[in-house]
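Take a look at these structures.
In the two assemblies presented below, chain A is common to both, partnered first by chain B and then by chain C.
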Partner chain A sequence: MKRIVVEKKILEKNDDIANQIRKTLDSNHIFGLNVMSSPGAGKTTLIERMVEIFKSKYKIAAIDGDLDTQRDAQRIAALGIETVQINTSGACHLDSSMVYKALNDITLDLDLLIIENVGNLVCPASFYLGTHKNVVLISTPEGDDKVKKYPTMFNVADVVLINKTDIAQFVKFDVEKVENEIKELNPHALIYKISALKNDGLEPFLSWVESNIVSVKNQ
Partner chain B sequence: MHEGGIAQSIVEILAEVKEQNELSCITSVTLKVGKMSGVMIYALEFALEAIKCEEEFIKNTKFNIISVDVKAKCSLCGREYQFADTDEMNLLCPDCQMPLSIINGKELEIVDVEGK
Partner chain C sequence: MKRIVVEKKILEKNDDIANQIRKTLDSNHIFGLNVMSSPGAGKTTLIERMVEIFKSKYKIAAIDGDLDTQRDAQRIAALGIETVQINTSGACHLDSSMVYKALNDITLDLDLLIIENVGNLVCPASFYLGTHKNVVLISTPEGDDKVKKYPTMFNVADVVLINKTDIAQFVKFDVEKVENEIKELNPHALIYKISALKNDGLEPFLSWVESNIVSVKNQ
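Showing the complex of A and B:
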């Protein structure tokens, strides 16, 4: 009988590939943004808003992860930017090897790469994709008890967007309670209240994105 | 659930360990899973049980999973806080109002392996 000390990260391979992606992004001065939320919280709607605002000024591409269908990629591609759909065929998250492959299909003459992860508040949080920042959406119809149920996701967020504020009053969503719980899990996170659909409250988030684009460009 | 994929990654690493150390089978494995790793232990146990039947060298492996509580430290006063339950988790130092840095609880690793 032999005892072998291994002390190895289980997701080391994923992290290695993610670090390669990060190098590619950095050397091409592309700001990478990973957008995560539960299904239907408004990721694609948010990305549509970002593209509408930024496409005249910056070169943007999107990678769209879904269990199935081309629907989200079609919505984003309709705005005239390069979009690659990844169908994860059952996997509930994107991993770095999927993104690495998708990057081969994208022209790297870009300022901003947006990755829409699979709708899921658990699994995507464990898989680093090499992006510079993580945005997590929570939408009011999901209920105001969700933050502490998904601690890992809210802990990895750089920005949390509380979306669908236009209907908060109809679904009894206590915005202040949610903000406090996010701060408890992640004191560093920036928190913005928005309605992606009504295009309301997006300015502070969009200027955060823009300042990141500019700082990665000047790196 | 991504625990199936995690179990797959574990088996890939175990196969490497087996090759490098010229083992014929692995009898036990110790894993560390933090409460902030995003992995549910019972789901991982389930996935590991399922995957065991697919590979001869892990057919009788015993997987010991150590659950790691979240521990965080204040960089100002140096106090450490431990949270067994994420409901009680507050990563702001109650004395200094400074963000705490997590020192434990994000682990997702293979600690050691026994085999012959």
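Showing the complex of A and C:
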């Protein structure tokens, strides 16, 4: 029982700070997007595509979470947007206090703040970061049995992107089964099939992002 | 500081129970193997191959960790060995108390106990389960940048299996780079390139497992 109380306190404290982040985003009319998945499911490549498409039209910054190295942040910063790397020193998820500190290093004259979480299909789902929406990627080589095995993550998704459809033919992946399991678990989640690497099928997702940017801008 | 103290206490308690598990394994001459990776990197398929090869020669049982569902345990139990599913109810790793309880449901007249951890490249690395060795899988579609981004996991590996080499040609994966980064981080880890699905390249790993089974048997 003790451990549950500790976890509850940690999560409550996390939510308090996340609510402050949300107020900051709202008062500055910045759409906040939290991107989550297993390691290597394609978060950074997806963010690269988003930045390439939107950077001429919207002001974007990224916060990049990782245990160690600057590898992902360097890829995103190379596209010319403000990027802050958070190294979690072994921690398995971003929490709101890390994001709150990172926000101090970012100019808040923005339309879109993208947060790339630590590659982990479990823990990041439990830590609200004050963002408006959650995007969860599942990549075809991970297998078509993952949705019900990792229900916490798919439950918090506003959008699920089924990524790496370009190599689906080389791995065992029943798209329909995955779509049905997402719908059963979380009927409100939008589902799009994409290949971020090949820049394929991204339009409906990018339209969804843009409608959110505009909506928060006009709030 | 408070949180660090809590984590230290949790890990110390975990180690105490893990040491009891290790005593049980040693006194029964059972080789304990902890299998870890990201979701979908091929843990269950690897275990299927091990069981197929060894079940006529050695007595094997498996403990299978997952947030939810019995999917992996059902696949392993279908091969005719004793299998216990641990559902962690959202927790991101197996801890030693879960394994200790599961051991009560297993006949200890065994040569090999395989533990399949929760699919997560971060948290399971911090929780010693009393097993003799750790096997970590990294699959080619996850990308060749993962070793240094997830150093805790690769640091605790006795063996790293580079899996899904059969689809390496369809994804960006520099095998030599990954091998060099593993050697730099953890020079003691053995590295084998395999395709568990295609049953390719497994012999050196299976020999290593067998030598460990024999060694613990003769202790």
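The criterion applied here is as follows: the second predicted complex is superposed on the first by the 209 of 219 C-alpha atoms of A that agree within 3 Å, B and C clash if a C-alpha of one lies under 4 Å from a C-alpha of the other, contacts with A are read in each partner's own complex, and residues count from 1 in each chain.
The rule we apply is simple: a contact is a pair of C-beta atoms (placed from the backbone, for glycine too) under 8 Å apart; a residue touches a chain by one contact, two chains touch by 3 or more.
What you see is a predicted model, and the numbers here were worked out from it, not measured in a lab.
Visitor: Once the shared chain is lined up, is A:175 touching chain B (first), chain C (second), both, or neither of them?
Guide: The answer is neither, since A:175 touches no partner chain.
Visitor: Can A:206 be said to touch chain B (first), chain C (second), both, or neither?
Guide: Touch status of A:206: no partner.
Visitor: Report for A:122: first if it touches chain B alone, second if chain C alone, otherwise both or neither.
Guide: Both chain B and chain C are touched by A:122.
Visitor: Between chain B (first) and chain C (second), which, if any, makes contact with A:106: first, second, both or neither?
Guide: It touches nothing on chain B or chain C.
Visitor: Of the two partner chains, chain B (first) and chain C (second), which one does A:95 touch, if any: first, second, both, or neither?
Guide: A:95 sits against chain B, while chain C stays out of touch.
Visitor: Is A:155 in contact with chain B, with chain C, with both, or with neither (first, second, both, neither)?
Guide: Touch partner of A:155: chain B, not chain C.
Visitor: I'd like to know which partner A:10 touches here: chain B for first, chain C for second, both or neither.
Guide: A:10 sits against chain B and chain C alike.
Visitor: Under the stated touch criterion, which partner chain does A:187 make contact with: chain B (first), chain C (second), both, or neither?
Guide: So A:187 only meets chain B here.
Visitor: List the residues of chain A that touch chain B in one complex and chain C in the other.
Guide: On chain A, the residues that contact chain B in one structure and chain C in the other are 3, 6, 10, 92, 122-123, 126, 148, 151-152.
Visitor: Spell out the residues on chain B that touch chain A in their complex, using ranges where they run on.
Guide: Residues in contact with chain A: 1-2, 5-6, 9-10, 12-13, 17, 21, 23, 27, 31, 35-39, 86-87, 89-92, 99-100, 102, 108-116.
Visitor: Can you list the residues on chain A that touch chain B in the complex?
Guide: Residue positions touching the partner: 1-14, 91-93, 95, 122-123, 125-127, 148, 151-153, 155, 183-188.
Visitor: In the complex formed with chain A, which residues of chain C make contact?
Guide: 3, 6, 10, 38-40, 66-69, 71-72, 90, 92, 118-123, 126, 139, 141-143, 145-146, 148-152, 164, 167, 170-171
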